[in-house]
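Quick one: this structure, given as structure tokens, is what I'll be asking you about.
So that you can tell them apart, the chains are marked A, B, C, D and E in the order they are listed, and the count of residues begins at 1 in each.
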Amino acid sequence: MGKGYMGKVLFVDLSKGELKEETIPDEVYQKYIGGMGLAAYLLYNKIPANADPLGPDNIIGFLPGLLTGTGSFFTGRWMVAAKSPLTGSWGDANCGGSLSPAIKRCGYDGIFFSGISKKPVYLYIDHHTKELRDASEYWGKDAVEAEEMLIAASGSKKTRVACIGEAGEKLSLISGVSTDKGRMAGRSGIGAVMGSKKLKAIVLNGKKRIQVHDKAEMKHLSKLANKFVKFQVPLPNLMPGMAGILMRALPNAMAQDGMLYKMMLRKWGTVSMNQLSPEMGDSPIKNWMGSSKDWGFSKSYSTHPGKILKREKVKYHCYSCPLGCGGICSMKGKYKETHKPEYETVLALGGLCMNKDADSIFYLNEILNRAGMDTISAGAAAAFAIECYENGILTKKDTDGLELKWGNSKAITQLIEKMIKREGIGDLLADGVKKAAEKIGKGAEQYAIHAGGQELPMHDARNDPGFALHYTAEPTPGRHTLGAGLYYEMFQLWKVAKKLPKVLPLYMKGAKYKTDNEKAVMGATNSKFMSVVNSAGGCKFGMFIGAKRVRLFDWLNAATGWNKTPEEYLAMGENIQTIKQSFNVKHGIEPKNITVSDRVLGKPFQTEGANKGRTVDLEPVRSAYWSEFGWNPETGKPTPERMAEFTNP
Amino acid sequence: MGEYKTYRPKRKILKWLYLYVFMWFTGRAIKIAAKVDDEVKKEFDSIPNNFNVALEVLPYGPALVVGKTEDGKVQYLGSSTKDKKIDLRMIVHNIENAMQLFTFQESTAISFMRNRLYLDGEIPYAAAFVRVFDAVEVYLLPKIIAKLAVKRYPAWSLIRKLSGRVKIYLRAGIGV
Amino acid sequence: MYLPEYCEFLSPVQIASGHHVLEKIPGFLKALNAKRPLILADKGVTAAGLIGIVEDAIKDNVQIGAIDDDVPPDSDLKVVSRLSDVYRKNNCDAIIAVGGGSVLDTAKGLNILVSEDADNLMEFAGANKLKRPLKPFIAIPTTAGTGSELTMAAVIADHDNFIKILFGSRFLLPDIAIIDSRMTLTLPAFFTAATAMDAMTHAVESYICLQKNPLSDAHALSAISLISKNLLNVIRKPDDQEGRLLLAKAATLAGMAFSNSTVGIVHTLGHSVGGVCGVPHGTCMSIFLPYGLEYNYHLVNPFIAELLFPLAGPEVYADTPENKRAEKTIEYIRQLNQDLHDATGGRHARFLSEILNRDGEQMVKKSHFDAIARISIGDGTKFYNPEEIDYDDSMLVLEASWDGRPLNRNLVKKNA
Amino acid sequence: MSRTDYSDFLCPIKFCCGKLALETLPAELRVYNARKPLILFSNKAVINGLIDPVKQAFDDSEMVAGIYDGVPESPTLSTIRELSDIYIKNGHDALIAVGSGSVMNLAKVLNIVVSGEPGDLKTCQGEDKITKPLNPFFVVPEASATGLMANGSACIDNFSFTSRYLIPDYLAIDPRIVQQETVGVIIDAAMRALSSSSFAYTLPDTDYFIDPYAYLAIQTICENLIPVIENADSKKGFKDYLIMNDTEKGKMALVTASVIGGFISFCQPAGIVMRLSEALSEYCQLSSGILAGLLLPYGLEYAMLKEGYQTEKLLLALAGPDVYSRTPENERGKSAMGILRDIQDKLFHLTDGYIPRTLAGAGISENQFSEMIERMSQNDEGIDSKGCLSILNHAREGRPVSDI
Amino acid sequence: MAYSIIDECIGCGACRTLCPAGAITGEKEQVHVINKEFCIECGTCGRICANEAVEDGFGILCQRVKRKDWKKPVFNAGLCASCRTCVDTCPVGCISLSSSIVKKDPREYPFLEDPKACVSCGFCEADCPVDAITLEILSKETQAAA
């Protein structure tokens, strides 16, 4: 009688080089599910207060989701979590690829590293052995090369690797962890934590079986979900761009059904938004200064979905994903192929810096993946540098002779190459815009667009105020994956859980900016649901299809044998959110101080473009959001008794 | 060797509808009987205010929710117990047993005794509610059927029975 | 033989009976893989020295977690939560309850708290709220009569807001019930008579009420024959161990019978009189038993007739003609009450006005009748009585049983 | 102290018989918090069309049921492996066995495997080796149920298990299931139950907790066996659909009695008659149940003389209080045996000769008796071979046993 | 429950070389032993053992199946959601992906790359979320062609 999870985690002490297994009782899974929840529970208890993120006390964990490998769909994502050096708060990043089942097949629901190793090492686990091995010959290699060498060294084609590149080794605070030759877990600067511990990679090739409570029910639900994924309507390449223009023009907005976005994802992947978002005002342009006027249809034409699709050799599916939004594109120049750049990468390196040249974007995408640096933060840093240069804060001498002008793709490419090698201006920018602005001074803070240190992703709060709420109120600031007004519409949670606000099929755009309590409830439900999804290893693109079509809660019940209602799962999500916020409070973070610059909130509002005249009133919605979780509405901190619940005896 | 197939249970829609209509009508009849018949009124006085009683069929079946509001008025609160404050539940295990009860093959006491119906809440109020239920059945049904539904057919005067029956049928059926 | 259209029977409690059964408890604990039991009792039990007997029987091969004996006569929420702390502090893993109904009910409540490791009992109030078997629980009844070691219900009072909370679930039943003759050896004659009549009423009523079914009838018949054969000579010779054991077994059999075929009017009135005037349960039972039979006479007299055989034995049964047997049964029971009245020197009351408390006043007065009647029509056992009971019916029976004259049967309201 | 000193009794089965008994299955599963039962049907059950009533019992409930029909008559370990694979793969959490003894036996072994792990088959072998309660196990017996299911023992290939946790938790006897049955099978089950409960009822020192069960089994069989056989194939009139007629009630009562008989044979060591009839059934085509019925009066008389069995008590159960009170004290034993013998005669007439009046009719020769008794006395010495021989001879001539 | 080897084993070592989990140890001509902790119950040892010396968790002897009669996976591209579950769950890794299975469809679908390596354990068929894989005895030419 299986339970879906393995019941054990592995603790590796890099200072002493010891490996210790720890069994996790069933009650913990019943409360925190797995993945993000389990990581939050364990790290909250095991990382001492105000530990140095790059010191030995910080603990980094690699965790699969509970549903990974159980026969459910969209559940192949894995989590890496630690105290974030970039924001000083709870840091986590999640990524697809095929590493998640590999962790579980080694028999673990999580592998955690503490301490610092004297010399570079990597962890090797297969069916028989688990040990730390010397990684000095791989140290210095870029992520893709290191991965190929490690797989060859392991002698089996099925080995899965997660490793850091140069950026991580050089402790760049915006570096991440790469797997499958370029799938990135980039946010919260987790790569720097691995770099600080001298941990180059984890190499896994386990063979354990994953047992499930009710396999037939899992298949029944998966076939149901597959039916919706396979439903496809032919879509012309320029359709998204046209739709963007229409949505900008219309005064009212339509509640989105996830199936439309699913069909676009299945045909083009996330790049389908390359023209749609800038046109409707969802994408920030010219370091959040510009508007859809500056990045018109002609400028975004060079990276419109059809063009990207022409370069795509083959579609790429993450583990257990029937949708397949990824792809491998061929490239001219030094590197022959790269993972299809995501919408965030194209806009960060394109629209944000007004860089029209698609080839430079492809090349930058590949070198950033190889270096293991987060493409969003790199683009944001470049845009920040261009604006400082434009306003004279940075002179030609500071930029080692680079002409940092909007759209000068050659200069931007060289700047990012310098950032990877930490040379000159690159060393300044390699730790994110917040640290760079502090070092430069001279009023550069106003151009540094971030939330609590994390560079903002390519979704403009002025277009969907939900983003502003989730950028600032979440325990992990500056993330677009946790919730927004649009996400609540597509999740359709009110169809499975009782007492949730319904969304009108058609409503005026102005309604999005009202600060009534319903917005807070929607935001809170988003966060709770995404906590459960991230703990089960789920991918939000799958969940967009709709709660009644892709039934995550039924999968959880069938895999574990529990009999929990959707309301109980959302309550578990609330529990997980509260632990992350308690982690922040324990490490001295003041939630009310995490804000975004006024430029993002539309103060003063823009005079042209799609978000003309839009301002976002954040405070009332944020305190209502916090009280939804039972935290203190002013300070955003959970009550001490609530925090005491999580400390294990 | 045998072969295996899962059987996903079907819903008995006809029986559900029959019960739904019957419970709807009985519920309204109880509300009116509380006004018309003083014996029923006395029974309801013994039940505290803001107290809801539900005769519910597990797992999806219709329900009969009757209750007293704050100011003591008897109300028929519809046929579903979702998000209502229910103080006393009389739960029927499944729809077949409810059919036995409402086609009078078993009287209320007999189905209670055969553990088809069990109580979750204060017993004295349940006893009062069963007496009300029996009184309404005597009003609504002709003697030969009512005898099956009730343990002891009360010796009411003919006038009282007829007048009550007319009022209830009129008010419950057509009236508000 | 009576074959109903539908019936259920369940008595999943292991019964270990005999003279030296207490010594076997360590074996039972090991079978239930428990090592540190908590022994529960009430003041009366310790006063009678029964706790000493139990302790010596198991002391040398089982470590006793703790012994706690201040359980009040009617169990209470606060007592249960206090006991759960005692249980947890001594990390016990099983409960041994020694005593009557209230101790067993408290033990059931305690078992809910410690097995679900909750701290608010109210979450589990009502029927079928428990989902899993609880921790091991051994019951040692010391009053051969209540049979509460075999019922699936537990009633725990909440004295702050004066309500009685009912818990009903199959998992409340003890794993094992120990019937040891030493437990009832020192029970005084008056209590023996009262509890034995309580058991007799359980058996008789379970035979005539609506939930009558073949298995509970068989248990009831053997219970009645055991009690009627042994009661009087146990009263006369209290230290007769064999008789005590048979009476205890009869009480358990009656408990099995009535927990599947619930009792009727005698208990309806008995509970109300006990509630209003605080009269011991056994006494009310023996008084109302003949009246209960007379009240339901017109519906169940063939069954009453069948009771004559176990009650009076084959000779009397053969002598009385077919149609007179029901009358004879009722008269025999009245005669039994009379003999008990004489044997206990008048303490065993034959009718309501005779019930006296320790210092001799009349416990039940005519002024109580109204309150008793009103409460009785709300009692749970009322549903199971063959004939409907309303306010006037209970008043009629109370009046009749005030001075012991037989009930005038044609006054009883029949099906119009 | 005499034997009444210590007696240990447990009957954990919840009996539920009567109209709509099948509909109570979902409600009973809810008590055990089970949501997905696996229902096993024997081949015979499938032929008799028992699948539909059981399936409809789960209509309108929130439980998905797995139906596995056609359990082979003589199951082997590979059937257990296949079924446990189905049970685990589909996340079942309760077992319901419908049909005759062989399905119940298989279900018990399956329950051991699925509640723990396949290795338990080896560790839990033998007597009382199972330590913790197993998953819920319900039983819906057919009329041919031999009571085997109610006892706590099961065996498959060369594994045998006995434990109180193997006794089923719930027993649903429903008229729709009990209908179709051949007369011979009913008689076999009834006579087997009659002999095991008669021996339990007339024990020299009565066990007061087994008594009610035994009394009920004997009384039901005597009152209902003959009437049920007489109108076994009467068609159901319209009235019978609303209210159950007597033959239906009779059939249900007989099944209850045979289940209780099976349970009693698990509590009490097998009586002399049971062992003899098991051995005899190899020598002739009559089933062991019918042979037990034949040997019963003679076995009881022998037991009364040798070990002081209280056969006069038997008259109360056989004929009821009236006859019991009227017959004087000393003749009660004799008249009880008389009743048993004329039941045998009635069966002889009803089945027009198939069931012989005495052992002679069974066509077993003299020397086969002695050879059989030697074989029996090898494997358990407690056999008083002289006594057995005299029982068999008396049974053959139909002469009551008057002296040992 | 792990498999176990009984005394009839003649120590030929066929199972030791073939076991995908490397759970079997033993010298030549000695009775081999299956390490309970590593065994993934794929049943290969039971199928390959010439004189049937392997018992499964239930204690039932496994029947020997000649290698050519081993059932191998056949993939139904119409049902397949190309979710790579089978590639990951195969203990010997003989399934891999190729985008030339379905014409004009850039998606990668699974195919049996190395039929000889396949030990017919059936994990792919059991784990495929949409039951797109069936195990069949591959005819001569399909085995050669793949």
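In this section, a residue touches a chain if its C-beta (ideal position, glycine included) is under 8 Å from a C-beta of that chain, and two chains touch if they have at least 3 such contacts.
Quick caveat, the model's predicted, so the values are computed rather than measured.
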### Query
What chains, if any, are shared contacts of chain C and chain D?
B
### Task
Please state which pair of chains has more C-beta contact pairs than any other pair.
C-D
### Message
Need the most distant chain from chain B, centre defined as the mean of C-alpha atoms.
### Response
E
## Note on the structure
Per the C-alpha means, the centres of chain B and chain E lie apart by a whole-Å value of 62
### Query
Rounded to the nearest whole Å, what is the centre-to-centre distance of chain B and chain C, using the mean of the C-alpha atoms as each centre?
33
#### Entry: Rounded Å distance between chain A and chain E, as computed from the means of their C-alpha atoms
37
### Intercentroid distance (Cα basis), chain E paired with chain D, Å
47
## Note on the structure
In chain B, the residues touching two or more other chains are 6, 114-115
### Query
Out of chain D, which residues touch more than one other chain, so two or more?
18, 20, 30, 33, 64, 90
### Task
List, in ascending order, every residue of chain A touching at least 2 other chains.
215-216
### Summary
Per the touch rule above, chain D residues touching chain C in the complex are 1, 4-21, 30-31, 33, 131, 133, 208-209, 211-213, 215-216, 219-220, 223, 243-244, 246, 249-250, 252-253, 256, 321-322, 324-326
### Task
Quick one: which bits of chain C touch chain D in the complex? Just the residue numbers, please.
1, 3-21, 24, 33, 128, 131-133, 169-170, 214-215, 217-219, 221-222, 226, 242, 245-246, 249-250, 252-253, 306, 309, 314-315, 317-318
### Complex contact set, residues of chain D against chain E
77-78, 80-81, 84, 113, 117-119, 121-122
### chain D-touching residues of chain E, taken from the complex the two chains share
1, 56-60
### Task
Would you pull the chain A residues touching chain D in the complex into a rising list?
1-2, 212-217, 558, 561, 563
